[in-house]
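Next come the structures, one after another.
You will see chain A twice below: alongside chain B first, and alongside chain C after that.
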Partner chain A sequence: MSKDNYRLNDKLGGGPIFLGAGVLGAVLCVVSFMQNRKDFFASYLTAFCFFLAISTGSFFFVFVQHLARSAWSVTIRRVSETVAANLPWMALLFIPVVLGGKDVLPWLDKNMMANDALVHMKHGYLNPTFLYIRLAAYFGLWTVFSLYFLRTSRKQDESKDPALTTQMGKVAAGAAAVFALSQTFFAFDWIMGLDPHWFSTMFGVYFFAGSVVLQYCFLILTSAALRRKTGRKDIFRTDHFHDAGKLLFGHNVFWTYIGFSQFFLIWYANMPEETLFFQHRAAGSWKFISLMLPWCHFAIPFLYLMSWHVKRNIVALSVGCVWLATMCYIDLYWLIQPNFHQAGAHFGLSDIASILAIGGFFLFLFIRRLNSANLIPSGDPRLADCLTYDNGVITNEQH
Partner chain B sequence: MEKTISDVKPKVFGVLAQFASPKDVYHAAEKVRDKGYKKWDVHSPFPIHGIDGAMGLGDSRMGWIALFSAMAGCFGGFGLQYWINMFAQPVVIGGKPLNPYPAFVPVTFEPGILFTAFGCLIGMLVLNGLPRWYHALFTSKNFKKFSDDGFFICIEARDPRFSLNETRKLLEDIGGRNIEVVED
Partner chain C sequence: MILHRDDDPTRRPTLVETGDFHEVTDIITIPAETKPTATWVILLLMSLSLLSVMVGMIGYLFWEGTGVWGVNVPVGWGWAIVNFVWWIGIGHAGTLISAILFLFRQRWRTAINRFSEAMTIFAVMCAGIFPGIHVGRIWVIYFVFPIPNSMGVWPNFRSPLLWDVFAVSTYFTVSVLFWYMGLIPDLATFRDRATTKVRGFILSIFALGWRGSARHWQNYERAYLILAAISTPLVLSVHSIVSFDFAVSKVPGWHTTIFPPYFVAGAVFSGFALVETLLLIARQVFGLHKVVRMHHLDNMNKFMLLTGSLVGYAYGMELFIAWYSGNMYERFAFYNRALGEYWWSYWIMVSCNVIAPQLFWFKKIRFNIPIMFIITILINIGMWFERFVIVITLHADFLPSSWGYYRPTWVDIWTYIGTFGLFGTFFLLFLKYLPQLAIAEVKGVMPEANPHFGDDHHAPAGANAKGH
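Here is the complex of A and B:
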């Protein structure tokens, strides 16, 4: 440790390109908004939830590492800390959705609130005042906690104070409770709420499971980019990728378990107020996506990621991550857009514009912030354990 | 003529050497590995992290055994339900089709897990050569420390590179103590 203080001077590139993509996307968003408001809001919400899930999933990853006092993940944790700290920016990117009002959430329509029996009965929860209070609470809490973890960890880069690790472990316990409730209710309010007649208590967990899969995809891909950029295979070790790959595999199985359980109970009980969700997703081309997800989101990645040879090969693992991230987008598309386009999926300009706009700004802000400090939490007392971490697979690889 | 005990000539099983610490036995194992020995083993009271790499062991076959057990369980579980519902005793339940495959998922999954557990247990025993009543190393008094504080390397006589003098010398050179020839 003495001859090397683990200061990485390399910077991750691509910032200006993403900023350009964001600006281009924003212009295209305006165009698509002029053309068709409904298309725009459907697409914008889908892309927003995709990038929000990366941030909330990363937030989850950070506090779980602190709760578990894990050493293996120290060097790759900075990526997650930084992307979780995009959550305050996500609040700004959410403004168009809020301004959308009843074009996004149909129950905000005064007529529906007064005359629709089911919506009327849910008035205690589904009312605008409470909706916006909740929304402010989600983003407020996410901002406070995500910035706390990033700033404390960066402070530790300088001070090397182990007491900060103890402190973060304690805060992580509170963060877990806050996160579980806020993300669940965000999914209830802004995804399940698109169809105010339907409900599922599993829904929040389903969104959570997808967000963690997405988070691991992002973490692995970014760490792979950092490994290539810095050339430090001793810091971004194959064992780290292998273990992140295992967790990706496990959480993808968890997503399947939750998705299947939700479907299974509804299908078996066969009650009209529950089955309408799948009824909507059996119409037109939605049916194709409904049948595709179990194969492409679960079965193929399951078999692909099973072998450790794949998980230890950074290129092969990255291919799996790109595939799964795409599936996570299609999954969100399938959750959100049938509420806007009943007849079938139509992927168009508005979708591309929203991905470019939100993704461009999201990645630009992420890269800028990541480059503004050391690329790894070099002050973490568990760094030494992380650098010698060996997950016990016998290989002839040179580390 | 009937054989008596005294007629049975003891056969050399291998050479046993003791090491002072997990670290010593780890580095000794690397040297035995590099000499090209194949039929030998390390004995320790607890698992030593990375010892499999130091011994040059290959990838375990357990993964494949587990995979095929799991597939046998899954296909068996699904096939059993399919055969019952479609052919042996077709009954319409809850207005569902005769082949309500989502309903078969839990019972497809469970034998998959069960068979994997069986496969892993039996596979582990077979690959380890267990169960057995007797092992030649139990004749060594000193070896009893393997379950207390002793770290051992035993190179077996069936290894093609084994030679009583050279193997003994190798174990001495790499820091082995209390070297003894174990007879079967």
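Here is the complex of A and C:
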């Protein structure tokens, strides 16, 4: 077996289609912005947070693999490294939100800053200067770390230098600390901050839990596409899908645990300044989404993903991932949009436009970059283990 | 030299420093088959003395009532709840190591799982004492269970204290089952090596007729996986519910949504610390160096670094949100914790729980036994103070006229010290009479256990241990 056996020449298709979708979405975004600014910003922020969560979740996945010195994930790690490296582009896509100013974050309104007692008390944190400094810091740090992991890993494709793996293991520790704080405060600033009166210590963890679920959905779906495209079942092994499926299942339970704890403690103590959050989400059609999430984000996927027959069947697992990714979008929609549309959910042109615009560019940039180098980290010293590892399942499947 | 060996990323650590199955059996069984050493007897006598102190203190408490403790208005929950949460937290590493690390196929766990499971059970026993004796009217303790009675009195199902009863007793039951099931093959090993009839007879009862057939093993593996899956949610649920004891209230500093995962992280943190403290001693006393290797200690230290940082994250979030909420009571509670009358306990907590484990960033420290021993002890002190800091928030409640300074009495202190006697007694008996490490599982992670061992075509040396 020559080592070039792991240099994959296939390319993932669909780039031009996604670019087209992005351009179309951008045009529709302009239209929806002209129609109703509030609708546009609500939708745009929701779609942005959805794709941002894919990237930050993938960033999390990458550094955790290095910290745990894991070998099982080597071949599928390139997908996560690449999509995490979309983070610098995400900074550009965030510009419309920043330009939205007080149409996005109500406390940026001078009137509110001066007259709202609570916002006034928080002035040390909730002030525009500090907000933009923080924002620059989040994206700056994410850019540095995500590009580091992608570039180093690609460099290793050529050099096969095991020292780079050791080095990435060390950088991963710093990345973990940076990630924990930056993602938490991003969620505080741009999601929790949409209602500057409300607060929850759990909020950062909740956003994190959702982003990891989303990340696994993306990883599994993309790996499934790569397996189909390359036909390399020895590289994108059924065991990979099985294990990623287990982790998806586990993290989805974690999301539920965090969501339940947050809800339960607020409900039980029944203090007005906290229950307001759920009060807003019990109005009109928001109530339907509030009641749907525990069933559709937790109970159904929980039962569905429990069986290893599902996790080892790539089509069945992909169906589960599409379902859960949709639920993650609805979850973000439910977090963000009640701040803009108090009366009830209304999914419309602006939502479709934002998903097309951000999603189209996001996936186009991802595919272009993925195709520009080898599809797997073929220089990783743990590759041999990854190709042969045994996750303990005895089956009669033919590989 | 141990340092720098793992700079090779493909290196799979040797989990057992011998290639001989018989030697592994000997290392683990001989302490149980030989006469107790003088050290062990002295330690047991010391533990028994402390145990009798505990029994005496509890007897005195029952006789006199809870007035012999320092609890009063406004601090109605004193050391008893602190000790309860501390012990129950310690009991968390057991299930984490047994169940969660098993599901993650972390094969290094085999060297420490038995040990921490046993520790879990004894720690939960110590924990269970405190709420039990705290009720005041001990003769109606059965009220904590929903038992139909002629008075028509039922516990309040909406109270987290009742959920505690269910959570802790479920946790205890499942932990005992898990522990015992893992013991069965090893008890059979003990039985087969027994030299006296009595010993052989007793062990044969507890080994449940284990013969080590393929079918036995198949059932065993299946049951182990199912139990692991069942107990995994328990790791999270027990301490989440303990955190509810505080967090469902409206007390500033207690009611915060991050409490459940924060308590779980803290529990795993302190559990790992105590497992390591005890393991370092047992490793030295019983000469377990070939099975409990530096690699295991290194991994445990990393776990403490991780969970300690998570705890630090939670402290940070609490502080930040207390300020961000704009709620003056919330702000005061945290200001008072850090700079009020009990400032010293807050800073002991922060230095032991957040700062001390940060030393584990350095590989030299992760591989230095005396320093890690000290850090594990600091962590357990810090985790005790964490609960103390939380409970003591009560000393400045909503009614400034009732503010007071809480002090424990000598009964509080000796009851707590006495629980170490209970823990120590059981733990020493376990160390002496039961397999301290899972013999069969340790053998299972040795390269020699691979069917292809020595078959160069299939398994080049070092590529055997594939679970990670």
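Going forward, the second predicted complex is superposed on the first by the 394 of 399 C-alpha atoms of A that agree within 3 Å, B and C clash if a C-alpha of one lies under 4 Å from a C-alpha of the other, contacts with A are read in each partner's own complex, and residues count from 1 in each chain.
Note that in this section contacts are C-beta pairs under 8 Å (C-beta built on N, C-alpha and C of every residue); 3 or more make two chains touch, one makes a residue touch a chain.
In this text, all values refer to a predicted model and were calculated from it rather than measured experimentally.
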{"item": "Clash or fit (per the criteria above) of chain B with chain C on chain A", "value": "clash"}
{"item": "Touching partner for A:Leu293 - first (chain B), second (chain C), both, neither", "value": "neither"}
{"item": "Chain B or chain C, by number of chain A residues touched", "value": "C"}
{"item": "Which superposed partner A:Pro381 touches (first chain B, second chain C, both, neither)", "value": "second"}
{"item": "Contacts of A:Ala47 with chain B and chain C, given as first, second, both or neither", "value": "neither"}
{"item": "First (chain B), second (chain C), both or neither touched by A:Val64", "value": "neither"}
{"item": "First, second, both or neither for A:Gln262, with chain B first and chain C second", "value": "second"}
{"item": "Which superposed partner A:Phe199 touches (first chain B, second chain C, both, neither)", "value": "second"}
{"item": "Chain B versus chain C as contact partner of A:Asp390, first or second or both or neither", "value": "both"}
{"item": "Footprint overlap on chain A, comparing chain B with chain C", "value": "264, 268, 390, 392"}
{"item": "Of chain C, residues touching chain A in the complex", "value": "7-10, 103, 105, 233, 236, 240, 244, 247-250, 255-261, 309, 313-314, 317-318, 321, 323-327, 361, 463, 466-468"}
{"item": "Contact footprint of chain A on chain B as seen in their complex", "value": "49-50, 52-53, 57-59, 67, 94-95, 102-103, 105"}
{"item": "Chain A - residues contacting chain C, complex", "value": "68-72, 117-118, 121-122, 125, 162-163, 165-166, 169, 173, 177, 180-181, 184, 188, 199-205, 246, 253, 257-258, 261-262, 264-266, 268-269, 271, 273, 381-382, 384-385, 388-392"}
{"item": "Partner chain B, residues of chain A touching it in the complex", "value": "260, 263-264, 267-268, 270, 306, 390, 392, 394-395"}
